[in-house]
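The structure's right below; bear with me while I get my questions together.
Note that the chains are named A, B, C and D in the order they appear, and that numbering of residues resets to 1 at the start of each chain.
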Amino acid sequence: MEDDSLLAEANDHFHDECGVFGIFGRQDAAAIVTLGLHALQHRGQEAAGIVSSDGTQVYAHRALGLVQDIFSAPVLAKLPGSRAIGHVRYSTAGGSHIKNAQPICIDYAHGSIAVAHNGNLTNADEIRHRLELAGSIFQTSSDTEVIVHLIARSRESSTVDRVADALRQTKGAFSLMVLTPHEVIAVRDPWGFRPLALGRLKDAYVFASEPVAFELIAADFLRDVEPGEMVVVDKAGLRSLKPFEREPAKMCVFEYVYFARPDATLGGINVYEARKRMGRALAVEAGVDADVVIPVPDSGVPAALGYAEQAKLPFELGLIRSHYVGRTFIEPESSIRHFGVKLKLSPNRSIIQGKRVVVIDDSIVRGTTSRKIVKMLRDSGAREVHLRISSPPINWPCFYGVDTPSRSELIASSHSLEEIARYVTADSVGYLRPESLHKAVGGTGGKGFCDACFTGDYPVAFEHPAHRRQLSLVI
Amino acid sequence: MEDDSLLAEANDHFHDECGVFGIFGRQDAAAIVTLGLHALQHRGQEAAGIVSSDGTQVYAHRALGLVQDIFSAPVLAKLPGSRAIGHVRYSTAGGSHIKNAQPICIDYAHGSIAVAHNGNLTNADEIRHRLELAGSIFQTSSDTEVIVHLIARSRESSTVDRVADALRQTKGAFSLMVLTPHEVIAVRDPWGFRPLALGRLKDAYVFASEPVAFELIAADFLRDVEPGEMVVVDKAGLRSLKPFEREPAKMCVFEYVYFARPDATLGGINVYEARKRMGRALAVEAGVDADVVIPVPDSGVPAALGYAEQAKLPFELGLIRSHYVGRTFIEPESSIRHFGVKLKLSPNRSIIQGKRVVVIDDSIVRGTTSRKIVKMLRDSGAREVHLRISSPPINWPCFYGVDTPSRSELIASSHSLEEIARYVTADSVGYLRPESLHKAVGGTGGKGFCDACFTGDYPVAFEHPAHRRQLSLVI
Amino acid sequence: MEDDSLLAEANDHFHDECGVFGIFGRQDAAAIVTLGLHALQHRGQEAAGIVSSDGTQVYAHRALGLVQDIFSAPVLAKLPGSRAIGHVRYSTAGGSHIKNAQPICIDYAHGSIAVAHNGNLTNADEIRHRLELAGSIFQTSSDTEVIVHLIARSRESSTVDRVADALRQTKGAFSLMVLTPHEVIAVRDPWGFRPLALGRLKDAYVFASEPVAFELIAADFLRDVEPGEMVVVDKAGLRSLKPFEREPAKMCVFEYVYFARPDATLGGINVYEARKRMGRALAVEAGVDADVVIPVPDSGVPAALGYAEQAKLPFELGLIRSHYVGRTFIEPESSIRHFGVKLKLSPNRSIIQGKRVVVIDDSIVRGTTSRKIVKMLRDSGAREVHLRISSPPINWPCFYGVDTPSRSELIASSHSLEEIARYVTADSVGYLRPESLHKAVGGTGGKGFCDACFTGDYPVAFEHPAHRRQLSLVI
Amino acid sequence: MEDDSLLAEANDHFHDECGVFGIFGRQDAAAIVTLGLHALQHRGQEAAGIVSSDGTQVYAHRALGLVQDIFSAPVLAKLPGSRAIGHVRYSTAGGSHIKNAQPICIDYAHGSIAVAHNGNLTNADEIRHRLELAGSIFQTSSDTEVIVHLIARSRESSTVDRVADALRQTKGAFSLMVLTPHEVIAVRDPWGFRPLALGRLKDAYVFASEPVAFELIAADFLRDVEPGEMVVVDKAGLRSLKPFEREPAKMCVFEYVYFARPDATLGGINVYEARKRMGRALAVEAGVDADVVIPVPDSGVPAALGYAEQAKLPFELGLIRSHYVGRTFIEPESSIRHFGVKLKLSPNRSIIQGKRVVVIDDSIVRGTTSRKIVKMLRDSGAREVHLRISSPPINWPCFYGVDTPSRSELIASSHSLEEIARYVTADSVGYLRPESLHKAVGGTGGKGFCDACFTGDYPVAFEHPAHRRQLSLVI
């Protein structure tokens, strides 16, 4: 996928989503969460937060920035206790504000409770409107606060029942961590849109958006939290509940294409291997005569390796990525801004000059960044430039946790392959077919994935006018 | 090479050196220098500075941190003028201090002058002692200030002659940018230890440690500044002087092994291609039966590609590098610190498990990081781990601009191959022979390179007791 | 009164209360509020906030610190509109936190509303408990948020009616400013515990805790907002409502003794003149043979002038106040801390040496600061030190907006005059009688003031156990 | 004197000068210096610095801001040793820069040395020019660096002799503290322009610009350092040298009028008492029929008390000073700026209305602030306003350490009494005669004071053209 910082720069973004982490049963819980969030940092760089509890009180710290910059020793010293949950939040193009940082933490009639959320509800606005009429006061515009208010209003007698009661009123995607002084709860929506894994660190249970976070802390991966499952951990141990009506599994297929780390294993499938298979399938379906295969680093590397193997072409680093632009996108200075992609990627002329180049990226959103990359390759002497994408054309916005632009801004929704090639100035553009993607990911035909962004086949209906507006091709 | 942040973390570092950039003849000179320094950021992340001039006054800004964080629009607004020079400085493990940031800028009897320096003098302490006895006051312990004082004390009548007079009194390595309100001067020591390139941006002349910096600003590479050459640019245009006695060319070969960016072309040789040739030679000289070749990212990637091609083994990303550790090394929190290499690199289990792995790195300094990497691969199920290094054993400290540890701390200076393998817990360790390195770099036998760190063959003598201490194996 | 920063240092404090300001009808409303709050800064130094509106949206900024440091031009640029309210908050010894800064600003079913509050409710905890059981979520522990929730829950159809409905459910002290995009409302509780004045600035109406704030902005003082009055200003102009049951007037008498600025005129009475009358009465009631009268600066100066006039003794500055300690109390460094009062006050030896000194302060809370001052005078050679206090002994905590210690910590509640003199090491201690204070303030016998801190005669009952605990002499 | 922050606001300033402090022989030397500088804070609020030594190394910290904000516990922890010197620097209207902070600390051929300086040299530019031609490099434009270079260039064999050698080459005013790892040296120029006192704190010797600094740390005042004396303290104890030619004593009389704290005793004379005598003399010389005497706080208070006593008129606080403007002057926001004096001083209407007011200030520089104060009194209803100044008209700039405007900007140098009265809109203006000032200060006719600012009688000649320019009435 067009890299996030490039994209932000180019106003051509497909926002990352969020990451959550939780632990129950280890004295330095907040320090473990810090490490877990660090391993999930690629899922959100805008803000991070941790709420811990010592069984009596809860302690919270949230800030804008990267995990490693926020959770210094003095901060961790103020987050005591053996249970904690955490959250990393994606960057929004508009106003990044500390107010939107998670976990949300409140005091209500039954004590303190904190919630960290990955995903998006499709009926949040309707619920919010109903609650405000009854006198509720909202602090943010986030879906998560809606969940919190539903919990506070619930008449159920236990935390577990109040959380289930609240979530039953919602529709859409949630992989949720909940903390009270007495328990940590992990819940995944009935479709399982976003990932959530369960692990074990000695006597403690841990939860993470991706099991790569377990690797860092040397925890063992046990299993995925199942769609529709609520896992409750307290002093009595772990128990599993199924408080929701069953729905067909609809894990986000884009996790495999772009979001997840290459070393992650989600739903039993290794992401790196899946991406290599996408690359191989791409070489079969959309192969082209060429001299060299180069990836758009870093996300395009596994698919490019797969493509090169399949096509028996040399794989080379034709674009060098700078390690020092991680943060420009937060507040790009206008004087540097127009240098755009060049700040992030640099062409390796000796590889490109005079060659017919296949350049592999994972996806195209608006096309502006791809255009810059193709131009860079041409300026470096490429004889031909063929852009190959290791997933299908993105045609539809996501309403389940990925902050996509409106349909009218998605280049593929209104352009043919030839038009896209002309726009990005490539000799040719090729994509993977949806069924090939499913096959590359799942090995067996891809049942059980949400691919609405490619197909428009939305598993959960939505009513909100704003959503419909986003689907229109006319703006 | 063991990556700098890993190394700092592991107290196993081989400091980067510095980068310099200069321009004469373009209105937004400081903005161009900002971009140039950004492209050279890999040569130094501790501090950055720019001094500009509008022909009358000079304007300076220096700060700790990354180029992109320091040179915001308001800062650039205070650096007017059509000429400017800049500097990025490497991270020191001990006290990073703003006082040591460059360019150094002074007022003296003949006006204002600024100096930015990459390299190290071998007789700086002797000169400093002599000047102090005559009443000079030094603000820093840097070699650069020694040069500045020699310029201030020179009786010559022009800036050019004073600079030449000053540098003739020094011994050792310098790639130097000098700025006065009227001219920009680039000088390289007679041996040409450190690189320095000359380019053209429309009507302006530009200088940079590596020509990759020209790529970003769309300047044309003209040629390298030659060893012993002084290039002066002023309103009258460009002229070249040769104010020093001629010496044999001794460009640092380690620039090709590790320092330079892979897309750089130094002395007419593309670094990426040179590294691939090192990898191929390594496969020939130190090949081993294995299932997969993996690089230590990012510096080991080209050599690993070359090794895999030569050995006809699959190349895979067995270690995933996090993009979010760029800065931990500055002030690592103890609570996170012991997680060491794992914060930076994560094993891709599905690639490693059950395999005989060849892992390619560019060099070993103390061996502590290599040991952690090998352990990580074993913990992930590697059946065998063979460590291959795309350069010879580092046996000797550098006195020409690379901040190396004493000889006694260099693992190769006192350990056999078998002992190193045992220490890093690898099944085997293999290096490249010096002559093979020369051949891989130069294609023709390697005349003209300094390889003192591998061979102990120091081109410039040194007298200082501290230097001799560093050579001792006994501490 | 023992000065606030001294007191904090000495853990001997009597917290300041808060100040509010509001304006409707002038384009640079937030800038005017900034000036108004600056003039009220003595009422609270911990935090300040302003909420403005342009008739459509509301804009808020709150921060810890002094008004002049918070409301810079760029901040004011983000607070547009012709209506605004503001708040300065007192320093709490424990955790000062931005969360507690006011005005509180929320979005609810009927739009945006902001509230700034001076005073304390006596039934806040009961209301809060009731609302939480019904599902309300509180962000802070402040009384003000209770009012906000009551407004959000009210079924009344207009803002004015919702505010009145909310406040009718409360008991205790409030001088309140409310802002919506359409109106600014000022309300004072039926007893009028805390002051609130109404003024006019050309076409705009202004409100302030003390009319001295009008002086700075060159507004005209019109009248005090009356106890139990609600003044509403909107585009239609100003109207006055009386939505509460009538209660006897109970303005806080301590405003005259310490809180208000000497140049303020509250309830038609000039504070400086009232303090001079207290000093004169003190000389009559508790006069003593002496050589010189000195004030504890700055709050003791007017009373000392009155005492000196009445006693026909010279008035001298025997204690010099440093201007540079305004902020130490926020985070006193332990290395300096034990120097205590000496950092703030310095004895003027030439005035004190060999003299019988009458030192005038406005009040004693715990006595620790008085003890240090007396010691300082003795160390400077005073022959006798007579401490005279221009108000009666503080015997009871306040529950109407002043953050006093528990009864057991008030020295006067458990010590006789002689015991206090012995504790502070003075030759004698003298106070003013309550009826003399009333007379000095009001001129006519003092009806209409709350003097509960002196007499224990609380005008509004309270039920909360925490309150009762504070009244106990046993801890 | 017109108060410094008012003055800065009004661009009508008479800069404060600096303060120095030193100690030898106590383990927490830097902490003691912190307290000493705090007591001298009124002499300079721009920047503060401390250099300490443990007998081997020297440790330095300098920063912009107030002493209490700079020297926190962690900073003090980095300033170990039993000897230390410190400096507070006045605010300059133009660019306050950390570079100009003192003490200046250098390494030179004979080790480390630090210098803190109060005063101004009249031949600094000449010396500087000479040294630069010989190759010296200057970092700042301060006189102090000139002294440091002279020390570094001196051929003398001991620190004491090098310091004496350096100072013998200078002309003008210096009260100097010098620190090396082995000794602390205090020197005062032969005329004794600026004060410097010697004290004892148990086994340690202490030095301070004003002995009030001894009061805070409970040290005993021993005596003033004499004009032309050099006091050296090292492990062997204290010795006094007289290395300069003798000159007539010329202590700055303005220290008594404005600079020194009222509780200071300089040259055996208590400042508060001297100011009261000035006020009494003023009532005799320039008395006027009136109802009330009010000071411009705080510097005018003692003189107003003296005037009121002599004139048998009531003394009242007619102007109330805000405690919260200490720092606005550093960077006043334009939105608040035009409120000028009103932010700092507020009229106490009830005192002023309908009265004939005598308002006492210590001096007038440009007259702009006085004009605002008179206007404020008139706006508050004063029937008559008579401005009385407790010193003579300031007619001439100072070249010995006070940063005064040029002669052409001093209102008294070109306006008659009547013209000044008209400009400031007062009914009358009156000053003290120079001989009366001398008498009030010294009691006996005032021999031994420099009063050049009143009389133009400069004790030390000066050659520099810039100085002559400042004397011109034409600009």
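Quick note on the criterion: contacts are C-beta pairs under 8 Å (C-beta built on N, C-alpha and C of every residue); 3 or more make two chains touch, one makes a residue touch a chain.
Just so it is clear, the model here is predicted, and its values are computed rather than measured.
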If every chain is reduced to the average of its C-alpha atoms, which one ends up farthest from chain B? C
Mean-CA-position distance for chain D and chain C (Å): 37
Quick one: report the Å distance separating chain A from chain D, using the average Cα coordinate of each chain. 63
Need the CA-centroid distance for the pair chain B / chain D, whole Å please. 51
Which residues belonging to chain D are in contact with no fewer than two other chains? none
Per the touch criterion, the pairs are A-B, A-C, B-D, C-D
As the complex stands, chain C meets chain A at residues 106-109, 129, 132-133, 135-139, 148-149, 152-154
Which residues of chain A touch chain B in the complex? 28, 31, 34-35, 38-39, 41-42, 45, 66-69, 71-73, 76, 212, 215-216, 261-263, 265, 270, 272-273, 298, 301-302, 305, 309, 314-317, 320, 322-328, 333-336, 339, 342-343, 346-351
